[in-house]
Structure formats: structure tokens, C-alpha cells
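Labels run A, B, C, D and E following the written order; every chain starts at residue 1.
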Amino acid sequence: MIVNKHGSPISSKESISPDTSHGMILYVEGVSVSFDGFKALNDLNLYIKDGELRCLIGANGAGKTTLMDVITGKTRPDTGKVSFGQQIDLLELDESQIARAGIGRKFQKPTVFEALSVFENIELSLKGDKGIWSALFHKLSGAQKDKIDEVLETIGLIAERHYPAGRLSHGQKQWLEIGMLLAAEPRLLLVDEPVAGMTAQETERTAELLTSLAGKHSVVVVEHDMAFVRSIARTVTVLHQGSVLAEGSMNEIQENKDVREVYLGEEQAEL
Amino acid sequence: MIELKSVDQKYGGTQILWDLSLDIKQGSRTCIMGRNGVGKTTLLKTIMGLLPISSGSLVINGHDMSKGSVEKRPEIGVGYVPQGRHIFPQLTVEENLKISLNCSRQPSKSIPKHIFKLFPVLQEMLHRRGGDLSGGQQQQLAIARALVLNPDILILDEPNEGIQPNIVQLIRDVLLKLNKEQGMTIILVEQKLPFARAVGEYFHLMEKGQVIASGEMQELTDQLVGKYLAV
Amino acid sequence: MLRIFSLLVFSCMSWFALAENAPATESNTQFETLLAQLPSTKLSKMAPLVDKIAAQPSPQVPELLQHLMEGELYYLKAANELVYAQPNQQQTYDLTSVLKTEALAPVSIYALKKIRTNNRIRGQIRDLLANMYLSNSSPAVRLQAIKQLLDNPSKTGITSITRLIKTEQEKEIRELMSVVLLIEQLEKGQTAEKLAAISQLEGRLEPTVKNALVKELKKLSASQDLSISQDKSELHKALTRAIGQMEQDGDFYQLLDYLFFGLSMGSVLLLAAIGLTITFGVMGVINMAHGEMMMLGAYTTYVIQQTFPNLIEYSLLMAVPAAFLVSGLVGVLIERGVIRFLKGRPLETLLATFGISLILQQLVRTVFSPLNRQVEAPQWMSGSLEINPIFSLTYNRLYIIIFALMVFFSLLMILKKSSLGLHVRAVSQNRDMARALSIKSSWVDAITFGLGSGVAGIAGVALSQLTNVGPNLGQDYIIDSFLVVVFGGVGSLWGTLVAAMTLGTFNKFLEPSMGPVLANIIVLVGLVLFIQKRPKGLFPQKGRSAE
Amino acid sequence: AENIKVGVLHSLSGTMAISETTLKDTVLMMIADQNAKGGLLGKKLEAVVVDPASNWPLFAEKGRELLAKEKVDVIFGSWTSVSRKSVLPVLEELNGLMFYPVQYEGEESSQNVFYTGAAPNQQAIPAVDYLMNDIGAERWVLLGTDYVYPRTTNKILEAYLLSKGVEAKDIMINYTPFGHSDWQNIVADVKTFGSTGKKTAVVSTINGDANIPFYKELGNQGISAEDIPVMAFSVGEEELSGFDTTPLVGHLAAWNYFQSVRTEENDKFIKSWKKFIGDDERVTNDPMEATYIGFKMWVKAVEKAGTTDVDAVEQAMIGIAVPNLTGGIAVMNANHHLSKPVLIGEIQANGQFEVVWSTPDTVIGDAWSDFLPVSKDLISDWTAPVSCGNFNIKTAKCSGE
Amino acid sequence: MKNLLHSPGFKKLNSLHFVIAILFITTLYVTVCNLAFAPGSFFYVSNYTVSLLGKYLCYALLALAVDLVWGYCGILSLGHGAFFALGGYAMGMYLMRQIGDRGVYGNPDLPDFMVFLNWTELPWYWAGSDNVLFMVLLVFAGPGLLAYIFGTMAFRSRVSGVYLSIITQAMTYALMLSFFRNEMGFGGNNGLTDFKEIFGFSLQSPDTKLALFVATAVALAFGYAVSHFIVNSKMGRVVTAIRDAEDRVRFVGYKPQHYKVWIFVVSAMLAGLAGALYVPQVGMINPGEFSPLNSIEIVIWVAIGGRGTLYGAIIGAVVVSYAKTRFTAIMPEVWLFGLGGLFVLVTLLLPKGIAGLFASVLNKLDPPTQPANEPQAPSTTATTAAESKS
């Protein structure tokens, strides 16, 4: 493998995989992002362990989505370092290279390929070669078909498999995006508000799904639904105004006065 | 107040709402619930006139709105918070709020002050582009924008999606207050039971484009929930 | 410039008329015999005859020459006499006898024979007249006369200038007269005089002066091998310095010229593009009929001029609102009739508006014929503002720059300060939501499209002053318009302004060295490369949503 | 009897419509006239009008349609050289006959085409002579639109001027794209070029629509015809009718025809044209005369041959004489070009030209210029025994065969 | 009819088979009727018709190329005429050299226009132009290379939407101006004309014309097959996804710019092929083909025919060209009203173009039993989705 001086592979053809020998899969160090003078992220540090399920909460506008943008290469930080495993400097890769390296993402606002069917949406997301020639002569293998069926089963869109995704309802699109994420089998999943617009039971199912993914994959979840967070959370990180306000177990967080003030509110009753 | 009579609704060739009838009383707080894709948003869009009714009738505030255009709704006092926020991305927050100031219902021609009391973050962000806001901030803006009209009827499609817990509490309080103090009719689509229970007086459960159960909120039993809201 | 000159001269005719009743003298008979030769003289023999006539002391000479120059001197065959003739409304000619200065009965063209001149003879007459007018009572006429002579110093009566300069009151005229004398001195004088002349002429800008200096230098270089005397090298130095100075000034004004040309081309681009900034930039309609909206504006100007043939001076002022209304109205019709059915299908608007543009082109072709229509330029739009002898700004361009900026800023005001602007942008960003917030989107659409089209119509009025008014007018500008809008950043008014001016100036600075074709190619290639650097134009839409 | 079909291949839309529509109407008028006189060979003439829409390949398609589908006996058509070049192969393939009525760059002679417009030696050379001898021009600006006609003409003129002892530094050549509308720089350059004290003249082969902005700019920058006269080869009455001629008065044009020339034929022609078109303001111009002459000649040739058969008519055409509208007789030469007089006119305020000079006699159109090294040995002669459009007199061979 | 539509064999057929079958039948019919029947016979297909059809098919191939990038990848190229013209020039150069010493000046090496401009030798870029293989290479490589360079630059810097459209327009405009220049060595405004023969066959002979027509039909079939293969492969789906949500595609791991460049190059080559076939059939190539309006017209063919269906592009090109041919003959004075009106009406009444009309007629004949679960060709909904984005 050809690597540059930081150890990142230069040729994107090589399948890159993160070096997690130190147990960490994601390093975010001293990252700051500002937009026209507004600091969306402010010297943020975050480390995600390999196989960990991490919940990220924080007030609206705290910078959670921006953080995901930075990790996935959508936004370039002003300062700081982001690396995948020890060796892959994410700031040197573009969005598609990052995706190929094994970071998958579900967007806050569901975005799917509207003209393609649900099935095709998943097909495109499948793990594998994303080059031109393979796309041209690609035939789905049996294993891949099974995988797609399995994903469709999981997200409950079997009946809609041949629907153009543009015709799905909001919640169905949420599910489809999760499905696309599953199909890609990334090492690290970044999930932005997965249960927005889902019923309680669906929320529960999503929680189960995410918990089951942890271990094999590392998962970072952003959510405002506290019931959901509580049901899956081991470690919770609270962002506030672009930096980490608190980190700890759910209980610790709930007791944290600052967090209550800026985020949770004084009531205990969950809404 | 709002009366739908055997309304059918289609997208192209696919029928979504089937012979749906609904009656919402003035000053009530109604919650519409149902699984993903059963047609809740479609129903609200139908009420808003965003989808022309293919058959059936719709009366709002005594006006026959079966054929009336979308622009008419704000004039007769309907405010709308759509699913997915629909902020004007290239307009500043202030401009987003100013859009409907020209509406004949809005006498003051300036953004009511209490809006900023409800959502202080908007005051801070007044001159930023709407599209730059975070998801939750946009949601707050969407609600504020509907309130600028000072509507009689407020229609909200999953207003809490992506909003931080303390603001969710705030929204609940605001809705209750508006309903109590101004007698504003509230129509809400909500997936989260606790919020629905806290805000709604009445509920309508939807399934496959039809209302299959309605009643007062207390009557929303776990059995019903299990049957129609679980997957 | 010449035209003003003739006008001035005509106003002075009355002065000559006073002297007309002088009794016939001997010289007058000679004058008459010369006149009698006019009809039979061939063009090639005309020049000496004209000189002879001009030398006559008769007070009628200037008037006669003036008419000859204007092509109004005829020979009335039946009466065997010379007349001044002017066509009248009845397709015949009104006559005035040259010698008797009395009006004669109008005759048809067949009864007349024109005393012909050509450019060369007219130039000769002009110089002769200028010499005569040097002593005219009106300072303006004298100024024009001396300016005319300055272009052609060899034709100047040095003696009369030497005489006249003493009594001349106007400083400017005196100065120009002295330039003529100095040139004479430079050519004919001794070395010392030459040097003096050079030092006095230094800093002047007239091309004649430069020509004289260059000629002198050439003369000097040619004779240099004989002896390299002290004075000669000094003269040489002085000449080179003076010429160098003039060239430097020339270069400077040349740059100013280019800048002006660039800005004026820029403002034409701006006018052409600005309506499109609204229909395309803000509303997102790929409006291929934009050019035809300009065309309609230009044709409106034509119709206005046809309807009010006596108000040509005001026709443009009337045409601006009229063109706005006509194009605007057509715009509203197009929007109501076609574009509104294409909501959410912006690419289809390309197809429909292209069809509309074909229809509109054919419409004017059928109604107004395929030929170009004649739109006249009011007096105040012609000629140029002379800042110095080598730098002048043409009025039509000057007004168009000003006009373009006025249109730009009015539009800016409308879009930024009125609620219409806000509503347009809201509708273009999210139609349904805007409607749900009480905006009458169809009304907004119609008005906006009308506004964009109306502004295009106004641009057409301006274009009618620069180029052909024909069915193809729109086609000539449509591509440039889209380029400007895109280069500036779609939807940005300021972007359009900067883009138009930049493109114009670049083009005009490149053109002298590259030629217009290559300059155009380079600008296009530059634009393509620029878009690689800034994929959303000069003033891109910013923010999260724009990504 | 079946009608004799006359194809009209002029653009009625697109950029060239402005010029060509008039010629279409001229042909229609001529046909109506002829029919009023009883037709031709006892048959009626019938016009078949198509619109090649200023689209060059479409000229070929439409030409083919006229010949193969409509089976016309003759075609009147084309304006630009490229459109002529486009139909040419079709004409030769299907053995059609076309009359081409516009002044052009020469360097061509096809058996299937009769060129009734001016060749360079019938326009450019006399015009330059006039400027040199009568106006006393010493410095020359050759302005043209960048295409074949100006390029060729300027090449010929440059060679001609140099041969007359003009120095290379006294010649300035400049080309602009089609439809060039911003003349500020160029006019300023011309002004500077002409400010050296030597008499300067412009020879303009600027095409079509670009002329109006050019003259406007000249006027506005204060260049009058007396300072720097412009001699144009593509500006006629029709072009002038499209704009305010005040700033142009005194500028020049060289043609074989001017509307203002008073002859009986011309008066009749103008009258019938105005009547036909129903507009008293409409003007006539040189290509119209060329169409007129072409048509008359064709009629005569058909009568002479007694058939419309292309080969017969082609041979019959040679030597046919028809009175010019401006006096004298036009004769079709063996090289398919006409002998015509050359006139130089000054633009008047009313949009007409006043003739200031004319050749004493007619000039024979020369297909191959004598001033170009590559073509000075070529001649065209479509009569036996040569029967060749590009016959090399040095090698005595018909090149290209 | 209905039975036929429902028969299992029919279901397996797709548009590729139809298009190729129709092309084959047309070609066969035209060839046989042209050769076997005498002029005047009812069945006779005239040489005129043959040459007209050949031209239409060139346009169809060009339209197909545009549909490939526009309909499927969302690249609205307003400069495809440039690729067409480049292919045409490549062929034109070859044909020019075939003239040999039969030009008017009789120069064996130099084309007439060069002789006339006093050029003494062929410019370097004409080297090899008399070689058939080199010509074939150039027909593909010329447009392909331009598309590659242009595409790489533009797509790498993420130029998209109208910005891309307008710079493609600027590209073709700049090329037009360049080719107008005589100094370019391509015959300036007149372009390349006066061709005599192709591969040794006289261009004036009806048989050559027929052969060229057949060759064009084969090329079109080939182009259709290639395009059909591409859009129905996974490549086609990726490209559709790029059209609808380019950013999202990146996050899935694809490199949209590579796909876009690739498909742009393929499309440019098809356009170049169309141009190369066009030139011998119309007998000339000149810079007018680079005119931006020409390119816009191509886009209009596609839109009229129905975007994103491939066969729609063919229908559009043929229908509009035919309309033009007829209109300019039937009502030469006012035909633009007809054409303009046609454009407006089609937009208003047939939002999915003529192909959309076909589809809905087919649907009526064969109402989908379970519309929801019927696999949808991406095309039918493609339009709405793509546009709601822009």
C-alpha cells in the first residue's frame, strides 16, 4: 500500500482500513470550525473507542451535525486533527474516500436517491468496489441479494422495495437511510437523529438495532429523544456551543446541573 | 371548525386517503397519530390545500375550502408548521419571519415581540440565513413563523422532531397557553406518546389512509397503541 | 462636430444676408462669370474653380460655398441660372435664386441639375469657409473654424491669422491660433525659432502638432549626415522630448479611452443581462425569450418615433416607460399563459421559452418586415463630449452607462426594499411554503416575470441607439446575457453588475492587441477557467443550503 | 400544359432573412410579370419557395428538395458564399441550374451556376482607383468581417495597392466577427491611424448587421466622410433604409446598380417593385438588379433554347444580353459572369446614393483574380473546346479533372 | 393486442429490442424500395428521402448522446454541438484530403482554401488526415479528448447546474469563433466543402448515399445498444443517483466526478460519431455547427421526445427535424410560428415528451395490475425528482 508521510494511503484504489491497535477508532482533536465568524465548533476533542456505542447530545445548534460534517469530509475545519484509527488522516481525504475507508453516515434530514427504487438505493450502498468499471459490468451476487433482502426486512420496507424512494413518507425515508447505512457495513456509523418522526415502538426497534450493531461496528448517535438515549446509552457526550460540556454515563449526565440547565430542562417527565 | 367529509386523496395514481371524514372542534387540541406512511402528512397537506382534493369536501371556519387555494388559508387564520421545516434557506431569520406580515390578518406589520420571548435563540440568529441554522433551530423558526400570523388554527406536523428536550417542554407549554388564553385550535401530528398525551385533548388514529379510532385522549388505551402504533 | 459647425454657420447666414443688396460692381461680374462655369465644370476640374470663387470679394461667397458643400446648389435648366434648392413635402424642390436672392416657383427634380461635389471638394470648401469664418462675429463659429483649420494647417491663411490673433478676444481661440502660427514657425523658422516653438508647443495634445513635430524630426534626421551641429542636436533633443511627452500623454488617454470603452460595453452587457437576473437568476426560468423582450423594447422605440415624428428629441424618454409596459405585459402574458404551468420543471421552461422566442421573432418579422427598422438618434445622443483633442466620450455611450446604472440601482431598490423582493425570493426558494404563509405566488410570479421582461424592454430602448432594430436583435444578446448572469453568480444583482463591467473592460483592453475575435475567445476561455475556480460565480449564494 | 417551376432558395428566417427576403420577393415579382406577359414557352411559371433559414447545411437539403422532389427547372437563390458552397455539390450532382445574385469573392466557376453579382474586379478595384485618384487617399484601412469574401477581397486589394506603390505601413487590415456590434476600439484606431496628416480612406467589407453600429460609432466619434471616407462593398439602399443616415452622408459605396440612377428601365423597375410589395418606402438595390438581370437572361435563354433543359439553357445563356437597369447592356460571358458597369455613389441624407463616378464602359466579371498568384493563370470558359471552370492557361489543363 | 402485450415473450422484450427492430425494418425497407423499385412506383423510396433520413438518423444519434448525459446524469450540456462538429471536422479533413489534386487549384497536397491563403505546406495537425484509420481514431479521440479535459476540470471543481450548462455553451461558442478564424486552418467561415469521394466511392452516387444511410442506422443501433447497456447497468443507477443527489453519492463512497467524466466522454464520442457520419451526407462542415443555438436545439429535441428514455431522444430528433423540413417547405414564410408553437404545446401538453405519451398509451392498453409494486423504469419519475432538486 502506498502511504503518505502521515500513513494515509495515497491511492484510493487500495482498500484502506483504520489501524485500531490502540483501541480507538476515531480521534477528533482540537477541532474548530467557524462560519463567517460564528464558531460552530470550538476546540473540540472527542475519542471514540473501537466497537463503542456513543451518544452525542446537546442543545440545538451545539454543533453535533457540524461535527459529523467534519468527520465525513463535508466541512473542512479551521484547525484541529481528525483521524480514523491511528493512521488515516481524514482531513486529507474527500467525502468518497472517507466513505470507502469505512465511515457511514445517516443525515439529519433524510436524503435518499428519489428516482431510484428502495431496492436500488440499498444496492448502491452495498459494501464493495465503487469504481467505474465494476459499476459497468456489475451483477448482483447471490450473497448480495440476500444481504439486500435482509436489510429490507430489517427496515420494514419489503413491500415498498420497488417504490421509487421519492414516494416514501418522511419516516420511511428515515428507515431507508438506516438501511443504506447497514448495507454499507461501515466500521464507524454516524447516525444523526435516527428516531425523529418514529413511533415509540419503532424507536425501540431502532434502539435494539443500534445496540446490536455495536461491538462489531462503532456507532455515534445523535438524538434528542431522551428515552431513546437512555435505552441505548453507555457513554454520553454533551456538546455545548461547539465544545464538550460533559461526558459520562447517562445517570451522571442527568444529574449534571449545567446539562439540565442548557439542555434537559427541569422536568423529569419525559416528553 | 374544520370538517372533512369523505375525502379521497391521491398522488398520481396511488390513492393515499380513503373516504376520510374528520371533525375538529373550535378551540380544541387534536392529535393525529399513526405509523409511518399512513397518510398523516397527506391529511394535513390536504387541509392546507397543498394537495387539491380529488373528492369530498372540506370546510374551515365556515368557509368551504374544498377548492380554495393555499393562500386563502392564512387569511382565514390557519397557520402551518410543515414536516421537514421548510425554512427559506437563503432568507435571513428575520426575513423568514417577515414573509407573512403582508397578510390581511396581520395588523401590526412588524414581527410580534412575544415570538422572541418564546424562542430567544431566534433573536440571536436574526440576521443569519435560515438555511444555516441547525435542525432544531430551524424547527423553532418554523413554529415562530406560523405564529407571526396570529392564527386561529395552528397545524403542526411533528413539531418536536429534532428539538432539544427543554425546548420541547417549552413548546408544549406554549401550545397549551395559546389554546387556553387565545382559544387557538391546535391540530398536531405527533409520534411521541408522552407529548401527544400532554398536549392533545382528542386523538385520531390513522391506518392506511383512514381514521380507524378517535376519542378523547384518556381513551387512548395501551391496547390501541399496541395495535395501531406498534410495528 | 461638423454638424454643429454647419448649424452654427446657418444661424450666421442672416448676417451675410444683410450684405446681399450691395450694388453690382466689377468684381461682381467676375463672380457671375465664375458661377456660370459651375454647371459645366467636371468634378476633376472643380477644385481650382472653387478656389477662384472663394477668392472673390463678393459677400455672397460664403453662402454660396456653404450651399455647394451641403449639396443644395442646383442649375435650373430652363432659366439657365443657379439656384439653391431644397426638397419640400410635395416631392418638388423649393428654389431660391443665387444671384437675385428671390424665391422661385417650386419645380420637379427633372428641371434641375445638381452641381456635384465630392468629399475632396467639400473638404476644400470647408477649409476655405473656415478661413472666412475666422473673423465671424460669433465666438463659437470662430472656435469651430480655427479647430477645423488646425486639422489642416497647410490650408490656413497665416497672414490673416497673424492679423486676427491681435484682435481676438477669446482666450481659447487665441491659443489655437497661436498653435497654428507656432506650427508655421516650426516648419519655416530658424533653429532658434524652432526651439522656441517646440518649447511652447510642448504639452499640447493636438495630433496636428505631433505630426508637425514628427515631420520636423524626420527632416532633421534626413539631413543629419551633413553636419552634426550643436543646434541640430539640441533641436533633435527638444523634438524627441516633445514627441515623447506627447506619446506619453497619448498612451495615458488611450488607457482612459479603453476604460471608457470597457465600461460602456459593460453597461450594454449589464442592460442586456439585468432583466435576466430576475427571470432566470431569481425565478429560475431559463428564459430563452429574454432577448426577444429586448427586441420588443427596441421596436417599441421605433413605433413611438413613428407615431410622434416631431418629438424625436423626446422619443427615448417616452419609449422607456412604453417599452417597459409593452415587454412587461408580454412577459406577464407569457408567464400566465405558459410558464405557470411549468412550476417545478425549470428545465422545461427552456423548451417553452425557446418556442416563444421563435414565435416572437416571426411575429415582428411578419408585422414589421424582416428588414431592420430605422430608429433615429436624438440630437443629444449623437456626437461626443470633447475633453481634449485626443480624448472624448461619445454621448450615446455616456448616457447608456448612466442609464444602465440607474436601471441597476432602481432594480436593486425594488428587490431589496420592497416586500415584492422578499416575496419573490421566498417563492423561488419554496413555493408551497410561501403560499402557506399567505403569499399569492401566482401574482408574485406574474409581476416578477413582468418586471424582468419590462427591464429587458428598457434595455431594448438603449440598444436601439447602438445597433440594428431587427428580428435578430434578441439572438445577438442572449448568449452574452446568460454568460454575464452566470459569471456574476446566479441570483446576485451585484454579481451581474461586476460581471458585466469586468467582461466589458477585459474585452476592450484585450481587443487592441488581439483583435476582437481573439479577445472574445480569450475572454470566453478565461470565463470557463474562472468558473473552475469559483463554481458558483463571482458572488455565489452562500451558506449550508447552497452546498 | 404543365407549369415551369422556378425554385426560390433564399433564407426567410434567421440572420440572413433581412437581406434575402427581398430577393425572394423580387423573383416572385419577376415571375408574376412574366406570367402577365403570357408565361414562357406557352407555359405558366410557378414559384416554389422554401426557407433554408440561414442554416448552411439546410441549403443543401432544400436545394435537393427543390431539384429532386419539386423538380424545378431553375433556382434563384443563396446570398452568402457558404450557402452557395453548400448547394453547389447538390446542383452538380442533380444537374440543376442556379442564379446567384450577390457580389462575391470570385475564385469559383461552376457549370451549374450563373453569377450575376459582381466579382472583385467589378467592385473593389474600381473603388480603390476612385479613392486613390479622385479623393487622393494615401493611407488605407481595410476593414472586414472575418469570412471569405472580405479576406479574398482584401487580399486582392492589398496586392493591388502594393503594386501601386503604397507602402505596407500605410495599410491597416482588421477583421471582426459576424454581427460585431462594439466598434469603439476599432473606430478609435482608425481615427489614430488617420491622424498622421496623410489622407486616409477606409475600404469596408463589413457584412450585414455589423455596419449600423460601425457607422454610428464613426459619426459619434466625429469622423466625417470628408475626414476619412468609408468605401463600402456591402452597404446598399436596403441596409441604409434600416437606419438614420445622417451620420453617414458622404460615405461611399461601390456597386453595379443604384436606385437613384435615372433610366427608363430603372424607373419602371422601381415603380413595379413598389407596387408589387405594396410599400412606397421600399427601396431597390444591387442584388435585386442582379436577380432581375439573371431572370431576364434565363427567360431569354429558355426561349432561345426552346426548352428548360438545363444543359441546353446553360449553353444558350452564354452571350445573352439584357439591358442593365442603369443603362448599357449586360452580357453573360463564357465564364458565367456578367459584364456590368461599376458605379460609385455617395450616401445621401435620404438613404439613397448619388453617383459620383462610374466606369466609362462595362467591366467583364473575372472569376479568377489577376492579382492572386494562385489564380492568375486560371480562366473559366464554359464553351467548347475548353468547357472548364478552372482552366490553367500555363499548363493548358483543366485542374481538378 | 392486449393478449400480445401480456404474452410472456413480449414482457421480456425491452426498448432495446424495439428500437433495433424498428431501425432494422426501416433500413431494410428503405434499401429494398430504393434499389428494387423504379422511380414513380408507389413503393419507390427516392434518393432524396434516403439522404434526408440519413441526416435525421445522425441527429438522432446526437440527441441520444445528449439524453445520455442530460436525461440520466443531469448534465445539461448546451455545448454538445461542439463534439458533433469536431467529429465532423475529423471526417471533413479526411474527405478534404481525398480530393487530392482534383481541387480547383489542382494542388495535390493542399486543400483549396490553403492554396488560396498561400499556405505552402499542411499544418502539423493535418498530418495523417488522409489515413482512414487515423480519421476513425480522430472522430472518437477529438471529441473524447475535449470532453475529457473539459469534464475533468469542471467536474473536479464541482461545477454543476446552470453553471455547467453555460460554460459548455461558452466552450462551443469559443470554438465557433476559433474555427471561424482562417488562421485556424480549417477553412474559416466556409469550412470544409467540395468533397468528392469517401473510401474511393463517389459521394454523388446514390449508392454511396444509401450505404451511408445504412451505416448511420447501424451506428445509431450501436449507440443505442451502448447507451442502453450503460443506463441499465449499475453504472446507470449510480449516474441517476448522482443526478438527484450528487453529495449523497459521495457519502456512499462513489466518486461522482469520475462517473460524470466517463459518461460525458462516452456521450461526446457518440456525438462525434454522429458528426462524422453527418458530414459526407450533407457535403460540408463549417463553424456554424458550433453555434450555441444549434446545441440548444439538440437539447430541445431531447426534451420534445422525452428526456431520460433514450428512445425519446430519437423520436424527438426525427420529429423536430421532420417538422422543420416540412414546415420550411409548406409555409416558408411563417413556419417559425409552427415550430415555436409545437415547442410550446409539447411542453404544456406532454410534460414527459412524446415518449411520455407512448408510455401512457401503453399503460392504457396494458394497465399495470399492481402499479405500486411494478418495477419502475427510473425514467418516468426521474424528471420530477431531478427538477425538484434544481
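By our rule, a residue touches a chain if its C-beta (ideal position, glycine included) is under 8 Å from a C-beta of that chain, and two chains touch if they have at least 3 such contacts.
Since this is a predicted model, take the numbers as computed values, not measurements.
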{"item": "Chain nearest the overall Cα centroid", "value": "E"}
{"item": "Most distant chain from chain B, judged by the mean position of its C-alpha atoms", "value": "D"}
{"item": "Centroid-based (C-alpha) most distant chain relative to chain A", "value": "D"}
{"item": "Between chain D and chain E, centroid-to-centroid distance (C-alpha), Å", "value": "37"}
{"item": "Distance from chain D to chain C - Cα centre to Cα centre, in angstrom", "value": "30"}
{"item": "Length of the line joining the C-alpha centres of chain C and chain E, rounded to whole Å", "value": "45"}
{"item": "Euclidean distance of C-alpha centroids - chain A vs chain D, Å", "value": "74"}
{"item": "Multi-partner residues of chain A (each touching 2 or more other chains)", "value": "74, 167"}
{"item": "Residues of chain C touching at least two other chains", "value": "361-362, 365, 475, 517, 520, 542, 547"}
{"item": "Shared-contact residues (touching 2 or more other chains) in chain B", "value": "14, 132"}
{"item": "Chain E-touching residues of chain D, taken from the complex the two chains share", "value": "12-13, 49-53, 55-58, 60-62, 64-65, 68-69, 81-82, 85-86, 88-90, 92-93, 107-108, 146-148, 151-152, 177-178, 372-375, 378, 389-390, 392, 397, 399-401"}
{"item": "Of chain C, residues touching chain D in the complex", "value": "1-3, 43-44, 71, 114, 116, 118-120, 122-123, 126, 151, 207-208, 211, 214-215, 257-258, 260-261, 264-265, 268, 361-362, 365, 369-377, 382-384, 386, 392, 394-397, 465-472, 475-476, 507-508, 511-512, 515-517, 520"}
{"item": "Contacting residues of chain A [partner chain B, same complex]", "value": "35, 38, 58-62, 64-65, 108-109, 156, 167-172, 174-175, 193, 196-202, 205, 224-226, 262-267, 269-271"}
{"item": "Interface residues, chain C side, partner chain E - complex", "value": "280, 284, 286, 288, 338, 341-342, 344-348, 350-352, 354-359, 361-363, 365-366, 475, 479, 482-483, 486, 490, 517-518, 520-521, 524-525, 527-529, 531-533, 535-537, 547"}
{"item": "Residues of chain E touching chain D in the complex", "value": "46-48, 51-52, 55, 101-106, 115-118, 177, 180-182, 188-191, 193-195, 203-204, 282-284, 286, 288, 324-325, 328-329, 332-333, 335-336"}
